[in-house]
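Per-chain residue numbering starts at 1, and chain names A, B, C and D are given in the order in which the chains are listed.
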Amino acid sequence: MRLMFVGDIVGRAGRDVLTRELPGLRRDLKADFVVVNGENSARGAGITEKILDEILAAGADVVTGGNHSWDQREAMGFIDKRPRLMRPHNYPAGTPGRGAAVFDAPGGRKVLVLNLMGRLFMDPLDDPFAVLERELAKHRLGTTVHAAVLDFHAEATSEKMAMGHFADGRVSLCVGTHTHVPTADLMILDGGTAYQSDAGMTGDYNSVIGMNKEVPVLRFTRKLPTERLSPAEGEATLCGLFLETDDRTGLAKRVEPIRVGGRLSETVPAL
Amino acid sequence: MRLMFVGDIVGRAGRDVLTRELPGLRRDLKADFVVVNGENSARGAGITEKILDEILAAGADVVTGGNHSWDQREAMGFIDKRPRLMRPHNYPAGTPGRGAAVFDAPGGRKVLVLNLMGRLFMDPLDDPFAVLERELAKHRLGTTVHAAVLDFHAEATSEKMAMGHFADGRVSLCVGTHTHVPTADLMILDGGTAYQSDAGMTGDYNSVIGMNKEVPVLRFTRKLPTERLSPAEGEATLCGLFLETDDRTGLAKRVEPIRVGGRLSETVPAL
Amino acid sequence: MRLMFVGDIVGRAGRDVLTRELPGLRRDLKADFVVVNGENSARGAGITEKILDEILAAGADVVTGGNHSWDQREAMGFIDKRPRLMRPHNYPAGTPGRGAAVFDAPGGRKVLVLNLMGRLFMDPLDDPFAVLERELAKHRLGTTVHAAVLDFHAEATSEKMAMGHFADGRVSLCVGTHTHVPTADLMILDGGTAYQSDAGMTGDYNSVIGMNKEVPVLRFTRKLPTERLSPAEGEATLCGLFLETDDRTGLAKRVEPIRVGGRLSETVPAL
Amino acid sequence: MRLMFVGDIVGRAGRDVLTRELPGLRRDLKADFVVVNGENSARGAGITEKILDEILAAGADVVTGGNHSWDQREAMGFIDKRPRLMRPHNYPAGTPGRGAAVFDAPGGRKVLVLNLMGRLFMDPLDDPFAVLERELAKHRLGTTVHAAVLDFHAEATSEKMAMGHFADGRVSLCVGTHTHVPTADLMILDGGTAYQSDAGMTGDYNSVIGMNKEVPVLRFTRKLPTERLSPAEGEATLCGLFLETDDRTGLAKRVEPIRVGGRLSETVPAL
């Protein structure tokens, strides 16, 4: 199977590059299934139902979230009616939505999508390792599901690499989100799981993690209240990866970075 | 001027790839000046005087540090006698060593090397922004110094990008270290400063940030005391960057990633 | 029922004052049941089986723990054979020991003892609120158990007061431990639960939270490695509380502080 | 000299008990100088100029602050015109206001008031230990100033006790604020400095650190956005301490807790 993953969409600039580039990328890469992290798609903070529709229309099959999933309060209301929108699965019991579900891909194939949040330097949710263990017990990669994509929304590289090895051989892909910077460590781990510490954001990199830079710099240099953060609106970079898996095992055969537009060096896999 | 920066050397595997690859890279890239972060070079934690000599012999002009600078206690004793070994400059007054100094480069040129540590999700040192401001007041890029390299040892991408913009136009390079994962966001900022959020470690990436993976995974899945961490000893990747600056301004003309050996996709700039 | 709770025993000084004072206090206050937090009783870090016996011999019925429960590794081995030693119940599944159990008190009465750990500014364990909810569903205060004592080992006063209100009316006592300083906020909450943010340590207060003060001060003023911490060995203060409950409801009728010995102002309830 | 210190005033309930009780306490205790922490006096967050006047009118000589000093933005504007309002002195250079100043007391005596903020589990300001050292170099207790009061606004008991010992013999009083819970560890340290880890808030203790309890409990049990916090408006407790110093040395002769009103056990020193 051919899959794409796209990192945190930040604001209008992020949505614009997604809308402009994803349809062509999806077609050129013959992608069967596309997962997009949308936690910052609405003004840099959260997601609205209208923007969810925009991201799905651009070619996403599933939209994942993170610590910003609820920044637009309306998401708490509509997430249960929109199963293609996910949130980290390790929120406490009773939280609207879910972060583990099986979706249909072309050819009758099944894709398990998992969304979990880390705890190091973050608000403590339930143990993401234990929650993953529990979810993986319900599925069998290469048998009941043909691919499994884990969006691990986390801050620390140690927790991300630990999760990669913990999930190795049991998911097709473990990709980090949340830091808003793409890492250059794509690899296939010993057990066959593709891994990248962070997909990077899809937003304007002439910024501080997607936000106009003046206010964040002030927050570090002075320790006084500032204006609100606002998303940078220069030309954005779509950041993500392309993954090819073996349908018989669900494991990775090839993983390559995607960076299109904006300030970062461009790279698109050749088929 | 042509400069190289190499990220955190982790243990023997990191030293081996450095010793094997740096001389050739330095020669092929005609590098005038090389900075290497060595905070994890001794068993993954700290640096000894013997290992400092090993890194200098491999082709480093200056060796920078971070939160692990003192893990080998002997470093507190010898750092003042070895000016090519630096530590973050924003340690409290009275700390042995220094993190801001001017070094000679070929052709009578001067290179200012700065080493600072971030505070977000880290032990709070003095304000790295204020300390940088104070140090930059002593020098004038393109006049008193021909290049200035800032190794910003920090955890959070927000603090790193903020530092990049804060230093923009005033240093040749602002490169992050500490997360042990290379980022794919090399760019030249608006003011002419080259930037990368993290150079990545020089170590074995079949690991958890350079350490054998079993123990770190246990630390996340159980919450009990474990054995000590030990550096992974598989084939390592040398991670860093190549920078070309304009001697008249000290600003960046070109910045490109370097990754050689081990598990990560290889890339070396073509001259 | 009359109960006593004694806060974190720190080192030999803490054990000495416990051994000297607890028997008399227990007798004078006609206490039916005594809970002692012992997480720092062995050299300031953890507990050994020998020291557990010493604390039980001094008059404790149950010894609770915290983040330091495992500092003496042998505790992982013997805790399952010694049911009177508890550890926070919200450690991950599979952790040796337990933090919720019913014990016998005189007159055929039953006491539920709960030990949980907070997550704010601490290593994230499982959600203590959810774990408490689950445990309280198994018991009925005033019916199946005659009293219930919750040792909430936590750093932040906000999490502690939130836990107090969350547990209010469902346990006899919610008392904090871990900060090693007694608070002067003993009260009976609206629902009938006695509350104190922290019982304080049982140790030498001429110290930094029970440890000889030179090294901790150095850790704050310099940021260099130091010698190990060692428990202060001056005269210690036994810190804790006395609680009287109504056996028919399990709720609190009276709660008063106990401070005996050492530097703090002395207070013992009059019967 | 006879001094009073009153802990963080929280909202209207805190102001009400202050206005009602402080004049009588000041008179009965013949207090020469009164310091009140006001960082939460305006709706639980920050301070306005009108409320500053209210607190001064109730009998405060100086009003100190903390991490909430700027929650009411107008404070950034008026603090420089109102020298009796202080903020932690270790905010970065350029911050409005100050946290170290000498005030007049009756009989031509001088009182140095210091306000510093801790860094453990808090936003990192400049090093409070180094800043204190620098300020103390300007004054001589018992000679140029007759008393010195340090309000150390900090979270962790370890940092507070370390500060107490660091300042011991050089200030009359080191009292903590910020946790909003009074501690029962008032003592005179070896060098003659009176110490209390936290004065406690002046607010309604039927709450979570002064705020209505429903919302804080929800924040711990669910991890979803909630309504704003609002100060609890039940009857408040005035929390603080009374200190008597020797004018010739500036050191403490006697220190005792004050708790008046509301839910906590009442205590007022007898003269």
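Simple rule for what comes next: contacts are C-beta pairs under 8 Å (C-beta built on N, C-alpha and C of every residue); 3 or more make two chains touch, one makes a residue touch a chain.
Note that the structure is a prediction, hence the values are computed from the model and not measured.
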>> A-B versus B-D: which interface comes out with more C-beta contact pairs?
In response: A-B
>> Could you classify the subunit A-subunit D contact as same or different, where same means more than half of all interface residue numbers appear on both copies?
In response: same
>> Taking the mean of the CA coordinates per chain, how far is subunit B from subunit D in Å?
In response: 43
> So, what's the distance in Å between the C-alpha centres of subunit B and subunit A?
Replying inline: 29
> So which bits of subunit B are touching at least two other chains?
Replying inline: 92, 127, 130, 221
> If you look only at subunit B, which of its residues touch subunit D in the complex?
Replying inline: 92-93, 119, 124, 126-127, 130
> Mind pulling up the subunit C residues that touch subunit D in the complex?
Replying inline: 121, 127, 129-130, 155-159, 161-163, 165-166, 179-187, 189-190, 197-198, 200, 205-209, 213, 216-217, 219-221, 257, 259, 263-265
> Mind pulling up the subunit D residues that touch subunit A in the complex?
Replying inline: 70-71, 73, 76, 91-92, 94-95, 123, 125, 221-225
